[in-house]
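Going in written order, the chains are labelled A, B, C and D, and every chain counts its residues from 1.
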């Protein structure tokens, strides 16, 4: 029987981390004894547990240690992390350590060093003089980079339950159409107000005045159903009022939105009662062509061609937009980044300081965003198909809330909660 | 090669009936020639087509004739319908004719006689003195009744395209979350106003003043998600304003509604922001127990125990309610009809003069209603799961409209379209 | 500040019960201190925790105590449970205690007495000479019965993690179409073999030879999609081989099955390649009528009218069948119990000794079964719509496994795992 | 009142084209008279109809003419098509004609000229010496190109009902989980055999020996659920047996497949019973990194690193693969085309001679393929979510069949139908 002892520390009881680690040990096929535990009596006190893990073979023990490490389990015996050299540009050492989307430190020269730019499924590149660790995508590694491998000398800080008492602070994801959603939307609205206030404080009093934990930006990740289901006015209003600061989308959302501005239709369907005749994809294509002719969405808005809607509001409010292309696009619009790797990079650049992510009616963009969002950012996934929020919450953020409803109803209720009169 | 000639008559071109019949002949394995056709030049003129059907065997020919008959195809050679005697109470002759939900006539003593109480999947009982034909459920047949068998001497009048130009008059069912729904809801609202006006005319000027085609009642078939998703206020308002006249539901919708009135929760979840603690099923059970103690929903409202909500509005507005039980019920409420056959009968009694059926967030009750609703009644099926409207439209009403959205968003938008300010 | 101390005892750490209780205290709005904890060092040892709960008002404290009680929290100070007299037949005292579906005891004359026939959402009736406690549905209470009210003197034994290492023993419900299902089906098959062996042992060696914990019956709760999606042969084989012992269904599953036997179709669609012509509902109706004429499914099978399929296998293998009616039924078949309360009672009678419940392609019957199934019975919910397993697991069994797949594929894979060669 | 007369010709009755055109005239707000009709008496004979369209304004009449034109309606009076010059590279003239995915001709110098490379939503570029017309994407137009604008001198040949009598030849799309799927899969298998035979004939006897209508390639468009739901073996077998010739997918399907080859897992979940421990995304990432190091999937297979599975079969059978990137990709694999416009072009190059398209468990790639697939190619869309087939069939191919089932069950049943013994 092989044995190894790990330590877990923090609010591990009420954040479920302790239970989760014991569960994993059993799942993977080991057994455990709790060799020592010191439970924090009051809510503020941390708990420290020593868990002795047993497994039938060294390989199984290694597998268990791998599995519990991302949940914060650290070996009792400390050592520096191991690094290996990247063999080619764009290729990592075989045994590279893949990051979780949680705060992570690596041990270099007997010191714990924070890993910068942390994000799920990246590698850690280290430099030794001065000591530095940064998370990088596989595609950007250079031959000769020092890359962390194995499990030693790495520690992860699992998310603890947030202190607030709102929808983002509970243990159960709310992915169900069986539950009332009104209070969920109210909690989202409350957080949006807080972030807007925080942002204004930063702008007027400087960054040090802000609550960094809370963030100063709200990210909306949106699909075209927002427009054709009728959520355009509500979303434009939210942008105009300064509640949205970053927009991730594809080619279709802006095209539908500007089609509505130019032709009053969305994918050829009239958006107002009384005009129910389909116009096919023509208006969609003419819209793209028109904007291509003008050179950019910004020019289209500034020249007065596009007068209202989501894009007009975004340009006027200086919303940071990343339009990522996909193979189902027509055109595309001139602002679309057609290379998926470049689009991911543009998304990464826009993410710092995001304090709330709203993912509405888009599977592709929501998952792409989930991939590069740190776990601590509260996120909301709204879709009429329950499989989408489930898929996202499978990737495991503690603070992800799912809502099964249509996108325009969500945006309208959210805007009304924030005093929209539409 | 076996051959038989059928006649199709009416607005069969633009109602797609002609195309449908030809399609069926090919599907079942026959071929056809159009032996004569006289197309109505103008929109008002009927078309008459003689179609000669060929099949390789008498059995196949019979199968084809069976399949095209419910679409209005009538044999060129007329004969009386055939009847056989029911062998036992509750048991029909083996070859009984099963009705479609379309206007149907049977030929008795060389006359075409209308079948009363037509509904899908019933048998036709005839009496000869005086001539009478009525559609009856299997369970109610008596030993010795004359029941129509086979296909001869029966003619069906397929639905023709309605003349209005609204969402109920088009060829394609709108079962898609990809299309704008605003105009669909506007058309539903328009029809609700017309029916309310028609109803008031009937009440003040007598039944002969009414437009019988339009109907004088709106039926709501509803599931409990209406309450827990937050649609209770909107629905109560619609009832108070006289837009709903019949309600079909189960045990859960009224219980959730009265739980909201008594405890402010739905299935134990708080319906307002700020109270997110689950109370389990307790409030649900206490609500049922309370109403059982009082004897009926009517008494609960009239005694002031239930002060607001859907049930209170229904009682005050004299809405005709049928509460049908199911095996997942707790309690149930004292008003619930626990026997499914008796509940079906109660639904049938309430259906005449219904001019619009709204089926919201309930698969079971929607399908049960679809089973006994004549095809000519426009119906709307709203569900967050696209499979429900699809399932219903598979049963084949020309005027069924599907909307994939959550029930509270639907009811709110509908009420706002009718001037609700909530 | 109001304070009360509760005790939690058992494998509360790795069964998540401890974390869950702390979570609930915070959710409902209280705070806690862990006044004492003794953690079991090894897996077999129980943990005992004393939790001091604080709340701002007596009402809030009461609410918290109510919420944690079903998770096993017991007040430090013991007292007898309180009873009140039922005021009418079918009506409980206002403050009746509603049961969870977990092993429960009430304290009578200073002794803990087991509550018999435990099931979710019932009341507890007690008798004092001799001491007895039994869970009863609201509809069956008699005026004058002693019914437990309030929270005192009641203790609940939350489910602990099962010792086996299969799909039924883990912390996460598997409701996802994103994960491989092969091993889930393998674990189900393994358990079915074990139960069949256990059953044979009981039959040959007497009930005391059996493993009571494991159970001696497998329950299948099935919807009609089993037949029309093509799972009929696989299910018949499972029954013939002795893997299924109880069947809960409605009118449609047996009708579809016998329609396939009589006409080779299901809802009028041919079940074999080459016959794609729809026959409408006719075959469905003729099948019901035929069985009504014969008097029962048993007679139809024994007289040789129904030769193969699910019903034929059930009759031959003496499967205990409960056919529960619903308002969407045609006919119905003579075996259908049309009264929902009587049908629930029939289901209750068949449940003891069920060791595994498979709920396949039916929302209504699955939820009805979930309502009366004790939490300890492992259950599997299979549906193509992910909302159904989610809905069921919302009701909270530890051992519920959800599979998002079509019913015939599930049954075929399961049968193949058990050596079916179809 | 404005009036214009159009002509419809072909098998317009039983292909529903006639009914569709009349429907559209009414929908858009016009009226019609059938000024002349000559119905083909026998199935082979074409029908010729002259329809006089009336509208209240010239604008409305123009809108109606636009809407009926893609359904084959041609103005009685013939004229050459109008062309305008593209103003910039990548920008079309404002009024460019957007193509449907149907056979199309334009009239140049009084001759009808076929439009090459037809596909949905493209523009038509013409050259005059010699006369040539070709469909091109917006992004590839060059300044100065002659582009067809307006509606004159263009005719479209709507799809007519295919002569075969299988699942691809009927009027109703089969998007329903309520119907038996066995015969649908049998018909797909039959067509796959025919195409394989046709392909072998072409290879052995030269292209002129082939049935061009039938096609010589089967295209599979697949998502990663194929692997994690367990369809890998069945699909590999189909490729090995020569039933699949083109594969469109993203980064995830090949990665999951090769992860299974290298580690026996898919997204970290064990694919075989007994290993239910999650390994997270690590294996996924290591697989991508390994193939990046080797340079290509081809090298990974040829060097023996990847021994079995879908990719191994594709390489061995010379399947034409297009791997299109998306923003949710890790890595990506070296074979992935990260630019979406280049990926679309690569898909276009692979499409000619495809006679059947199977789209399995992928929304993004299925829609992208649907965009560039001519309408005449029979296609099958399989997804566990009914919204996906609905979405695809909304785009309107006559021969699209939808199946609501999980991907591995589909592939296994299909392979068994083709004699797989797995």
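In this section, a residue touches a chain if its C-beta (ideal position, glycine included) is under 8 Å from a C-beta of that chain, and two chains touch if they have at least 3 such contacts.
Nothing here was measured: the structure is a model prediction, and the numbers come from that model.
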With centres defined as the mean of Cα atoms, the chain at greatest distance from chain D is chain C
Going by the touch criterion at the top, tell me which pair is linked by more C-beta contacts: B-C or A-B. B-C
With centres defined as the mean C-alpha position, give me the chain B-chain C separation in Å. 33
So how far apart, in whole Å, are chain A and chain C when each is placed at the average of its C-alpha atoms? 37
Could you state the distance in Å from the CA-based centre of chain A to that of chain B? 45
Among all residues of chain D, which ones touch two or more of the remaining chains? 27, 29, 170, 177-178, 276, 387, 404
Touching chain B in the complex, chain D uses residues 13-14, 16, 18-20, 22-23, 26-27, 29, 31-35, 37, 39-43, 161, 165, 170-171, 175-178, 386-387, 390-391, 394, 404
Enumerate the contact residues on chain B facing chain A in the complex. 167, 170, 177-183, 186-187, 225, 228-230, 266-267, 269-276, 384, 404-406, 408-409, 412-413
Which of the residues in chain D end up touching chain A in this complex? 24, 27-29, 63, 66-67, 70, 87-88, 90-92, 94, 96, 98, 120-121, 138-139, 276-282, 285-286, 288-290, 292-293, 324-332, 338-341, 343-344, 347, 363-365, 367-368, 371, 385, 387
